[in-house]
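Here you go, one structure.
Which chain is which? They are A, B, C, D, E, F, G and H, in the order written, and residues in each are numbered from 1.
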Amino acid sequence: MNDTFRLAGREYRSRLIVGTGKYATMEQMVEALDASGTEIVTVAIRRVNLADRSRKSLLDYLDLSRYTLLPNTAGCYTAEEAVRVARLAREATGSSLVKLEVIGDQRTLFPDNEQTLVAARQLVQEGFTVLPYCIDDPIVCRKLEEIGCAAVMPLAAPIGSGLGIRNPHNIRIILEFAKVPVIVDAGVGQASDAAYAMELGVDAVLMNTAIAGAKEPVLMAEAMKAAVEAGRKSFLAGRIPRKLYAQASSPIEGMIE
Amino acid sequence: MALTITLNGEPYTLEGPATLAALLERLEIHPQTVAVELNQDIVRRDRLAETPLAEGDRVEVVRMIGGG
Amino acid sequence: MNDTFRLAGREYRSRLIVGTGKYATMEQMVEALDASGTEIVTVAIRRVNLADRSRKSLLDYLDLSRYTLLPNTAGCYTAEEAVRVARLAREATGSSLVKLEVIGDQRTLFPDNEQTLVAARQLVQEGFTVLPYCIDDPIVCRKLEEIGCAAVMPLAAPIGSGLGIRNPHNIRIILEFAKVPVIVDAGVGQASDAAYAMELGVDAVLMNTAIAGAKEPVLMAEAMKAAVEAGRKSFLAGRIPRKLYAQASSPIEGMIE
Amino acid sequence: MNDTFRLAGREYRSRLIVGTGKYATMEQMVEALDASGTEIVTVAIRRVNLADRSRKSLLDYLDLSRYTLLPNTAGCYTAEEAVRVARLAREATGSSLVKLEVIGDQRTLFPDNEQTLVAARQLVQEGFTVLPYCIDDPIVCRKLEEIGCAAVMPLAAPIGSGLGIRNPHNIRIILEFAKVPVIVDAGVGQASDAAYAMELGVDAVLMNTAIAGAKEPVLMAEAMKAAVEAGRKSFLAGRIPRKLYAQASSPIEGMIE
Amino acid sequence: MNDTFRLAGREYRSRLIVGTGKYATMEQMVEALDASGTEIVTVAIRRVNLADRSRKSLLDYLDLSRYTLLPNTAGCYTAEEAVRVARLAREATGSSLVKLEVIGDQRTLFPDNEQTLVAARQLVQEGFTVLPYCIDDPIVCRKLEEIGCAAVMPLAAPIGSGLGIRNPHNIRIILEFAKVPVIVDAGVGQASDAAYAMELGVDAVLMNTAIAGAKEPVLMAEAMKAAVEAGRKSFLAGRIPRKLYAQASSPIEGMIE
Amino acid sequence: MALTITLNGEPYTLEGPATLAALLERLEIHPQTVAVELNQDIVRRDRLAETPLAEGDRVEVVRMIGGG
Amino acid sequence: MALTITLNGEPYTLEGPATLAALLERLEIHPQTVAVELNQDIVRRDRLAETPLAEGDRVEVVRMIGGG
Amino acid sequence: MALTITLNGEPYTLEGPATLAALLERLEIHPQTVAVELNQDIVRRDRLAETPLAEGDRVEVVRMIGGG
């Protein structure tokens, strides 16, 4: 099956985008990314720690011939901050891809979609390839698409909550109208969540905590790789219709009497 | 002549005159791995050597770290 | 990861048991079984069609060095019939494994658990290795285990319904008490259902219609293979706890100001 | 609306059956029963406490002109015990109504449906009006009906769990086939659970812990009264069809321009 | 129990707000409103039909001593239109209450929350008492509250969909942070949906299609009245904790042996 | 002298000079039950009698109807 | 002559000869509110007075209590 | 001498005396792939040749087919 995921002009075989935060060690991160089969990894932009020069940087661990970097604007609470971080990210990574994230509230980490729209308009104008994290609101998604975002990335559930797809109806409606890729971002907790998201028809799934926070992150990365593949194939294979009850799987004729 | 700037939010004093490139060198930071902002404007990597620092400048030096 | 599934004294790498009914062609069945990675296949026992001698038999298509046969008693409505079919199955296949199925109602195909218990007692006594299909009732499962069944196989939902795990609470309770393998049998509709079942901690999943009835059975077989693997690994990897809201995946320190 | 609930030859206005156990005080029980509007109350049969003659008996608190007594066989683990308790109950209450309950496991309190069937056959033969508590298994319900039970009482969820209707599909199937009243017994936790059960089309709901264990039992009894009424009316009123999305409730014509 | 609902400086006994659209006849509407017990009714603002002078107006049917009018801005697609309609509504009704509704898409009727925020800022400034219909987004709700709205009215599901509370997690988070009343607006389909919304802790429920579109609107109005009351009491009464399994409701001591 | 206005989106001709109050009277609409907009501005009920109509004016006359 | 029976699971001694009715009277239990089993058989209320107790009899006296 | 038996639910006549093995041979069914029941009792494969058929016998010949 030749089923590739096209994002911002590139083709990817993997439909799993993985974050690089929260691993116990860099080595564990490297191993988990490898196990996940991902080809796109998110990174954050932060001040260089001037006090600590010994530590190796993230770049020493990421094989850039293998992974597309997707810098985020995590931690920003206004469009202005997010635009500033996006510009720094472009300079630091040499790529104009950005996962736009404008947070509305530090306790829930829900996105501020009003500010996200403002930042998206600005960043698209500045030539960024914008992948916005947003709430699962079909109208916000349509506006982000109209602004020129390269994909829309509605949340499944709050960041780090592990609650899975809280509102599949909204994801379905978003899919019905979207012409850009739809990537479920945040909220996945276990493999079946990722499979289910793919079965709804989304183009890819983005996660970090679900892998990095598992008891065994590398094994969970393998699980998620298989889950995204399973969900994608299940979507393409066309499932049986749901019935209240039954349909025999063994033939009725030929029973002994 | 000593220059005092704000570097990543903290006061920082260095001998002037100095450029952003010189600052990074002194910090032992390879420009390839970071992005530099001077008074909230990006200074592209190829302009670091020609960008002088002035008293009171606000400099941010950032890089990628793990994130989701 | 060396994680094998032990059933009735044998070790299997695959935790997916697949039925051989309802495929469009025998060739499709062969291909789907191959794609599923299964090592155990269920078969039904029916009268030889005396009018039609031309047709090749199922045995001509199944590589017995590769698949363990699991004959079922599908279509039986009493313990007596089921015992009779089990005996025929043993004679026909040379194996004493039997998927015991006593149906209570032809419209819903729900099992008759009272009759299933009667048949199980008899078959265990006759030396069969009994794998009973039953409702997701912890008490029935415990009794079947006490009788000496080699596993319990509660349904996820009615046969052929594709509704997925209707009552995960019951499956959890069954798992909490069972000392024999628990296999979810019947009701799976899509890959995420299978992954979710495995994440509950069941030992294996048995399905037929979900694969054979999909628009593309071979692709769905691949999906189910990946889903069962994903769910198993996800179970073993230990998922993150659920929270109402959020936990940042990018660090908070080092934000620009 | 003249909508009465007919059970065992009598008509009731209330479709809520309430247990008399677990209240903080007898006075609270009396008040809660009154607030619930119930007309049928369950009671248990236990040895007279010979050491304590001072305490008033349950009968001193229950107005028998108002409530039909429904003695249960709670605590019985075999058909034999249950039959014995049912006989004692008939002698003690003068009524041949019995809530038949044969427990399969003391930790989960799931019913032993095999033993329940045995006991039901015996009790029907002895002239009892049998209302059996059972698992939500359409086949068990059909057999209980065939035996001659006056109703079937499948559980919503384990006794005292408060989990609500765990498997509405099974309740729907039971309703599709049952010719006797279907009463959801056990597992309700909050008012919406009771309303939802009624909306599935069941004839009545039986509960005890949900009321007696609430922080304010009398207020919860009022809530349940209203919920059962709400659910019944909602069922009879015929709800709107579900749609993925929308249908305006204000007219489209006549907008200003 | 003296439990009143305080909205915009007035106290109401009913927590059910009902729309006046889509009834088969005006008489049916009057009867349904009466049966619902509502004290606040929503109305739309539309051009006078100049061709048809015979027909009586809505005002001829609504007893204004009994119902508070809540005019809406249904059908508006921009903040500008909504503000214009709100001003007309104030002039027509003499009340400055407005249900602010800016629609983002005519097929789904999802709100355009960005425009809703713009309109809310303007209307609050003009002295309106603004009750905005919005998506179940905690950040949008917080902003609407900060702007000075008198309540927030997140949707349960798309208008007219009848899907019930699609995302209780979001409603819970909104409730955790809101200091103004939270009213669930749109999406309710049956009585248990309304009860469940109230049990989450919302202050009131607004509906139209669920009643007007039912097979028997007046009976459904009664159902909804009881459901809102049931849900409110259930919330206040404090439900039992959920457990995977059981807790006996009949005592264990005193069993016969 | 005939005046042509746009009334609720349709062309409408009446004899001028005329006020909004006169228009409503001619339409047999009681002012108490409606709201009137003249060229997108509300004209409050007590100003209807003193508000003249001019050629090309856009008038909206709205009222409450059933809605959700 | 003393009779020892098992009453509600505990040994119980009373003066014989005695009937079930006498036992209840001694226990100050009104027959109307209880049910009585003698050696696992129900003794109906109207037979209590004519049912004698014998050494070793197992008697259960039960009544309704709160339950769900 | 003709024998009439019930074979898989249908009347079937063959020339007697005959064994189950002979019946299978006549039906061109290889015994290895089927199971045979005579009057509701299994006849194991190695006993087919020594098991005679009698008038009115009920014979079932079954095999595996696809099932779930």
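Keep in mind that, in the parts below, a residue touches a chain if its C-beta (ideal position, glycine included) is under 8 Å from a C-beta of that chain, and two chains touch if they have at least 3 such contacts.
As the structure is a computational prediction, the values presented were derived from the model and not from experiment.
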Contact-graph distance - origin chain F, target chain G: 2
Chain pair repeating D-F, as identified from E-F, E-G or C-H when over half of the contact pairs by residue number coincide: E-G
Comparison of E-G and A-D by number of C-beta pairs in contact, larger one: E-G
Inter-centroid spacing, chain H versus chain E (mean Cα positions, whole Å): 74
Rounded Å distance between chain A and chain B, as computed from the means of their C-alpha atoms: 33
Length of the line joining the C-alpha centres of chain B and chain F, rounded to whole Å: 67
Geometric centre distance via CA averages, chain E-chain C, whole Å: 47
Junction residues of chain D, two or more chains touched: 19, 21-22, 44, 46-47, 72, 74, 84, 88, 108, 110, 158-159, 163, 169, 173, 208-209, 212, 244-245, 248-251, 254, 256
Junction residues of chain H, two or more chains touched: 8-9, 37, 60, 62, 65-68
Pairs of chains, among all present, that meet the touch criterion: A-B, A-C, A-D, A-E, A-H, B-C, C-D, C-E, C-H, D-E, D-F, D-G, E-F, E-G
Chain A to chain H touching residues, read off their complex: 248-251, 254, 256-257
Chain A partner contacts - residues on chain D that touch it in the complex: 169, 172-173, 244-245
Parts of chain G lying in touch with chain E, wherever the complex brings them together: 9, 37, 60, 62, 65-68
Complex contact set, residues of chain D against chain G: 19-23, 29, 42-48, 50, 53, 57-59, 69, 71-72, 74, 84, 87-93, 159, 186, 207-209, 212
Sites on chain G touched by chain D in the complex: 7-10, 27-29, 33-37, 40, 42, 44-45, 60-68
